[in-house]
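Take a look at the structures listed below.
After this come two complexes, each holding chain A, first together with chain B and then together with chain C.
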Partner chain A sequence: MSNQALLTVTDLEKHFEQSKGAFSGPSSPIRAVDGVSFEIGKSTTLGLVGESGSGKTTTGRLITRLLEPSAGSIVFDGADITELSRTELRPIRRKMQIVFQDPFASLDPRMKVRQIVEEPVRYSTDVGSNERRSRVMETLEVVGLNPDHAERYPHEFSGGQRQRIGIARALIVRPDLLILDEPVSALDVSIQAQIVNLLEDLQEEFGLSYLLIAHDLSVVRQICDEVAVMYLGKIVEFGTRDEVYESPTHPYTRALLSAVPISNPRLRGTRDRIVLKGDIPDPANKPSGCDFHTRCYMAADVCRSDPPELEDSTSEGHLVSCHFAETIVKENNQDTKGKDK
Partner chain B sequence: MAQHQTEPQASTGRPGRRWPIPALLSAVVLVGVVVMAIWPHSWLPNDPIQIEPALRFLPPAFMEGGDPQYWLGTDVLGRDIFSQMIAGARASLVIVVSAALLSLVIGVAAGLVAGHFGGRTDSIIMRLVDVQLAFPVLVLIIAVVAVFGPSIPNLILVLALASWATYARLVRGLVLSLKEQEFIDAAWASGASHGAVLIRHYLPNVATSIVIFTTFELARLLLVEAALSFLGLGVQPPTPSWGRMISEARNYLFEAWWASALPGLLIVATVLAFNLLGDEFRDRLDPHRERG
Partner chain C sequence: MTPLLSVQNLTTEFTVESGVLRAVDSVSFDLHAGEVLGVVGESGSGKSATVLSALRLIPQPPAVIRGGEVWFNGRDLLQLSERELKRVRGRDISMIFQDPMTSLNPVLTIGQQIAEVLEAHDRDLSGREVVERSVELLDSVGVPDARNRLKQYPHEFSGGMRQRAMIAIAMANTPSVLIADEPTTALDVTIQAQVLSVLEKSRTESGAATILITHDLGLIAEMADRVVVMYAGRVVESGPTDEIFNSPKHPYTVGLLGSLPKLEGEIQRLVSIDGSPPDLIALGPGCPFYVRCELAGTRSLCSSERPSLEVASSNHLSACHFHDEVESFAQRAGVL
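And now, the complex of A and B:
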C-alpha cells in the first residue's frame, strides 16, 4: 500500500436488528460485519474471501451504500461517503460501481440491453440521450459484445454474455473502483476463465481498482494483489497474495487453502487436508474469545477467553488475528526450508 | 450467402403459437360487444325505448307468432329486445371499463407505493385495503348508490372504490418479491431515484400481471353492474341495460322467456369471453412459459 489509497474502510460494522415478536423478549442483533478495516490502492485488486455468512457480500454492499453502515467510515477518493444522501452519492456512483453475482437476477428482464447498460449514465450524469447511446455501443464493444445486441432483451443471452452486460453497466461511467461481488461464481468454469481474463484486461486498460468478493480461492489467486480473509464479519488474515497463499498464518486460512483442489495429480496426497468441524456460528450469538475457536484445530484455553487482535505477524503488512500466529509462522518457515532442501 | 447463414438472426419475438379457438371466439364476442356499444341508436331496427303496449311479449321471429321486424321479440312494454340488447352494451361497457381503469390506476399506485416504501406507509395502505376487502362489495355499493343516487359517474366511482384494493394487494406482493432482485440493487447503485425505480423497474415488471388480472376484473365488474341494474340501483330507465332487462322480465319468465333469457345469455357470453381471453393472456404472457 505504498501508493495513495483509493478506498479506505475503517471499523465498518453492520448489525441487522432482528424483528422481535411480541413475546420473544430482547434479541441480540446479527453482527454481519463486525469491525472491518482495509485499504485499496489505485489500480490494485483486493480479494475478500470467506465462506458463506462471513459478511463479505455485506461489506461490498456497505461500501456501495446499498446498505447503511451501523458504524465505521468509508473514505473514497479522499471524501467520506459514509453519511452521504442518495443525491449526494451520485458523483460517487460515477467513480465506483458494482458488478453483481447472479447474471440472471441482476438484469431487468423487461429492459433492453441498451437501457440496462445506460442506467448509471442516465441516473448519475447529465449526459444526453444521443451521447448515452454512443457510450453504450462503445462500452459493449469494450466488454466483448456486439453493439448490435443493444436492442435485445437479457433473456436472449447466455450467462457469460449476461455477465458481460453487467460489467458493461458498471463500466460505462468509467469508474475508478469496481466492487465485484462473486462475479464468476454463477458461471460455468469455461466461462469463468473468459470473464476473469476480461476483468484483467479491463484493469490494465482503464487502470481500475477492484474489490473482488469471492469464495473461489483460485480466482482470487489469479487476479488479486492483496487478500483479506473474513470470518464471522471480521478480517482474520490480511496480506499480499503471495504471503497469504504461500504462508497462510491463520488456522482458518490454512483450512480454506487446504480445501482447494490440486490440479497436478502427482502432487495429490502430498498435502494434509484440514477439515473444519461444524458450521459457521450464529452471527447473532458469537462465541466468546476468538470467533474461530469453536472450529479451530489449534484451539486452547486462551482462545476461549481472549479475543485475538489483528496484528502484524512477521513480514510487513501481513496481519493475522490468532494467538498462535508465531507458532504457525515458525511451522511455515520450517516447511519452506524443507522444500528448499 | 454464407454470411447470411453465420449472422445470428435477431429473434424479434417468441415463436408464434396459434391462438386456440375459444380465445379466438372470445375476441370475436368482445369485438362484437364493442361494436354494439358504439352502434348509433338511430341505426337500430327499432327505437330501444319506444313503448308499444299493443306489441307486448311478441315472441322472436323464429317462433310461432313472431314478427321479422322484432326478430328477438319484445318485452313487457312492447320494446324491441334486439335493439335494447345492442343499446344496453353502451352503458354497461362505459361503466365497466371506466371503473376497471380507475380502480387499476388507484390500486396499482397504492400497491407500488406500499410495496416500495414499506414501513408505516405500507401499514397504512394495507390496513385500508383490509378494511375495503372486509366490506361486502354489494352492500357498500347499495349504500353509496342509495345515498348519492344511481347516476353513471356515481356508479363508476363506487365500483372503482370497491375494486382498487385487490389491485393494491396484487401489486404490493409483486413489488415485495421484485425488491429482493439484484437488478433493483443495480438500479440503486446506478444512482436511481425512487421515481425511476418505481416507473422504470417495478411498473414494467408488474404490467403483465395487471393486464391478466384486469381481464378477469372486467368480467367481474360486468356481473356486478348487471346485478346492480337488476336491483334497480344501476343504470336507470329509460337508458337500456342488460341487467334491468332481466329484472323487468323475470316475473314473466314462463310466458315470455326470451325477454330475460336473451340478455342473460349475452351477459354470460361476454363474461365468458373476458375470462377465456384472460386465461389466454396468462398463458402467453407468463415469463416462465415464455423463457422455458
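And now, the complex of A and C:
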C-alpha cells in the first residue's frame, strides 16, 4: 500500500499552550494530537474514530494545515507539505477539501448556493467564467441537488440539502482527498442514510479518498476500509474494517463497540456491555503509563508505569497499543472458534 | 388493564409568522404500569412536543393545546389547576431532559436541587433526613464521593455526572412515571453506556413506567417494550418492539430501519428515504408521508385521503392505507 499512498502522516503532534494568568506559573501544554501516524491509499476510506477530546478533529485540521503541526510530517501525493508557505499550499489545498459537520454553520447565509459552490474556483485562472458556471450546475447535479436551486439561499434548504451543498463546494475543485468531519452526525437518520449513500457513490464515480472523522461506529463500519481508533491524542488501534470490528483488540475499542446499542430487539442480551468507569482524563494532565489505564478493566501495574507502543498484534498490520494485546488476541481467537462450532 | 397514563387525541398548535403549525396532531397512546414505551421520530416529528403538552410544560404561547385528554390516576391532567398539576409533576411523574446543563440550575448546588424536590413533596423531612436521602440518591446513580459532591455546583460536574444527578433528582420521590427525553444523546458513547445502565438500574428498582423519547432506534431496540413511531406530528405506527422491527406496518418505519447502519451482519447499501420531512404548515389533504413513500407510488388514495390509525394486527396499529402490503414491501426493499 505504501507505494500508492495518497496521504502519509508521520508522528504528527499538536500542542496547545494554555494561558493560566500571570501568577499561576508555567502550565503544561495540551497534547491534543500526540504522535499520530497513518496512511490513506487511493480510493480508500480511513475512519478516524474517537470520543470528544480524542484529537480526531484536530488531526483533520492539521492535515489541511488549517492548524500548524507542532511536530511530524504530512506527505500528500508524494510531496512533503508540512513546511510549505501559504502560497505554495494553495494548489495542494485544492486537492484536499474538508466537509464540515454542521451544515448550518459552515455555509455563508448571505451567499446564494451558486456563489457558495463557485467560491473555491472563483479566482482560479485556469477556469473561465462560462466553464465555472457549467461546473457549478454539473456539481450540483452530481450531489443530487436541482440546478434550478442555484439562485437560492442556504436557509431555504433542509439540513440534508445543506450538507449536499457543502459536499458540492468541496467537489468543485476536483479534489483527490475529502476530509469528512462528522459529515452526518447533525442529521436525522433518514437523511443520514442519503448522505452516506451519496458519499459512497461519489467515491466510486471519482475515485476519491476519504478521511472520515466520526464518533458513530456504525457509520464508520458502513463506509470505511480501514479504521483508526483514537484516545487522548493517540491511535490505540488500527486495522482493516473487518479486523477492528470482528476482532477488536484494544480494551477501549472493545468497550466502544460493546456500548453501541443493538439494531434489533432480537439481539437483546447477545452483547456483553463493557461499562468503563469514569470520564476521559484531562488532556492537559494525562495519566502516567498507558493513557487508558485509569478507565481500563484490564489494567495492571505495568500499565500504570509504562506507556505501550502501537505494535502489530497479529499480522496483516492490525496495530494495537496495549500491554495485554496478546491475551486479547487469544481470547478473540477462542471466541471465533466458539462461533464456528 | 387500565393504563397508568392515557393520552387521547392530544393536539397542539403553534402560531408562527407564516401560519398555524400543528406540532401534535390527535396523538393517542397508553402507558401501562412498569413498561418502557419508546417514542421514536426525527426532529420535528412532535415527539417532545407531545409529552411536553401532556404535562402542560410546553410554553403557551406560542403553543396552544387545542384539545385532547391526558388521564392519570383518574384525573385529566389538562383540566387540573396549576397547583394540582405541580404536585403531580415531580412526585408522580418526573422528567429527564437531553441537556442537563440547561435543566439544572447553575447557581444552586446539586444538594440544594435534590433537597428542593424532596422537600416540595414531604415538608416533614428534617434537614438531616434530606441530606441522608440525597447522599443515598447520588450514591445510587453512581456519583462517587456523594456527600462532598452535594456541595458542588453543576459546572463542577462532567456531562455524564450531570446526567446522573438529573436521574437522581427525577427519582427522588420514586415517581410512578418517568419521562426520559433523549437522555443520552448529548453524551459520548462510553458515557452513554454508563448513564444507560444507571437509568436502567433506577428504573427497575423503582418499577417506574417509562416513556423513552429518542431518535435512536438502537436505544429503542435495547430498552423499549412497546414503540410509538411519530411522523409530522402524528402517530403513524405503534406496537410491540419486536413487531415494529421485524414486521413493520408503516412504510416510514421501514425507511427508518433501512436507514440505520448496523454493527453486525453483512454490510449492505443503506435503504434511505428520499426527500425531507414535510413543512407542517403546508400539509396537503393526503398522507403526510405520501411524497416520500415508495409504496404509495401514484396511488390517488394516498394523495387525497389522510389515513387514520387503525388496527393492523393485534396490539399493532398503523396509519397506512396499505398496511397489509408493508411487510412484503420491506422484504422487496431488502430491509427485512
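The rule is simple: the second predicted complex is superposed on the first by the 334 of 341 C-alpha atoms of A that agree within 3 Å, B and C clash if a C-alpha of one lies under 4 Å from a C-alpha of the other, contacts with A are read in each partner's own complex, and residues count from 1 in each chain.
Keep in mind that, in the parts below, contacts are C-beta pairs under 8 Å (C-beta built on N, C-alpha and C of every residue); 3 or more make two chains touch, one makes a residue touch a chain.
From a predicted model like this one, the values you see are computed outputs, not experimental measurements.
Annotation for the three-chain superposition on chain A: chain B and chain C fit side by side. Once the two complexes are overlaid on the shared chain, A:Tyr123 sits against chain B while remaining clear of chain C. Of the two partner chains, chain C is the only one that A:Gln192 touches; chain B does not reach it.
In the superposition on chain A, no contact is made by A:Ile165 with either chain B or chain C. In the superposition on chain A, A:Leu145 makes contact with neither chain B nor chain C. Once the two structures are superposed, chain B and chain C can be ranked by residues of chain A touched, with C on top.
In the superposed model, A:Pro109 lies in contact with chain B only, and not with chain C. In the superposition on chain A, A:Ala228 makes contact with neither chain B nor chain C.
When the two structures are aligned on the shared chain, A:Leu217 is found in touch with chain C, with no touch to chain B.
Fitting both structures onto chain A leaves chain B and chain C with a minimum C-alpha separation of 8 Å.
Comparing the two interfaces of chain A, the one with chain B and the one with chain C have no residue in common. Across the complex, chain A is touched by residues 10-11, 181-183, 185-193, 196, 200-201, 204-205, 207, 287, 290-291 of chain B. Interface of chain A with chain B (complex): residues 61, 64, 66, 86, 89-90, 93, 97-98, 100-102, 105-111, 115-116, 119-120, 122-124, 148, 151-152, 155-156, 166, 169. Contact residues on chain C toward chain A in their complex (touch as defined above): 42-43, 158, 160-161, 188-194, 197, 215-219, 221-222, 224, 241-242, 245-246, 255-256, 258-264, 267, 269-274, 276-277.
For chain A in complex with chain C, the residues that touch the partner chain are 51-52, 158-161, 188-194, 196-197, 200, 215-219, 221-222, 245, 255-268, 273-276, 279-280, 295.
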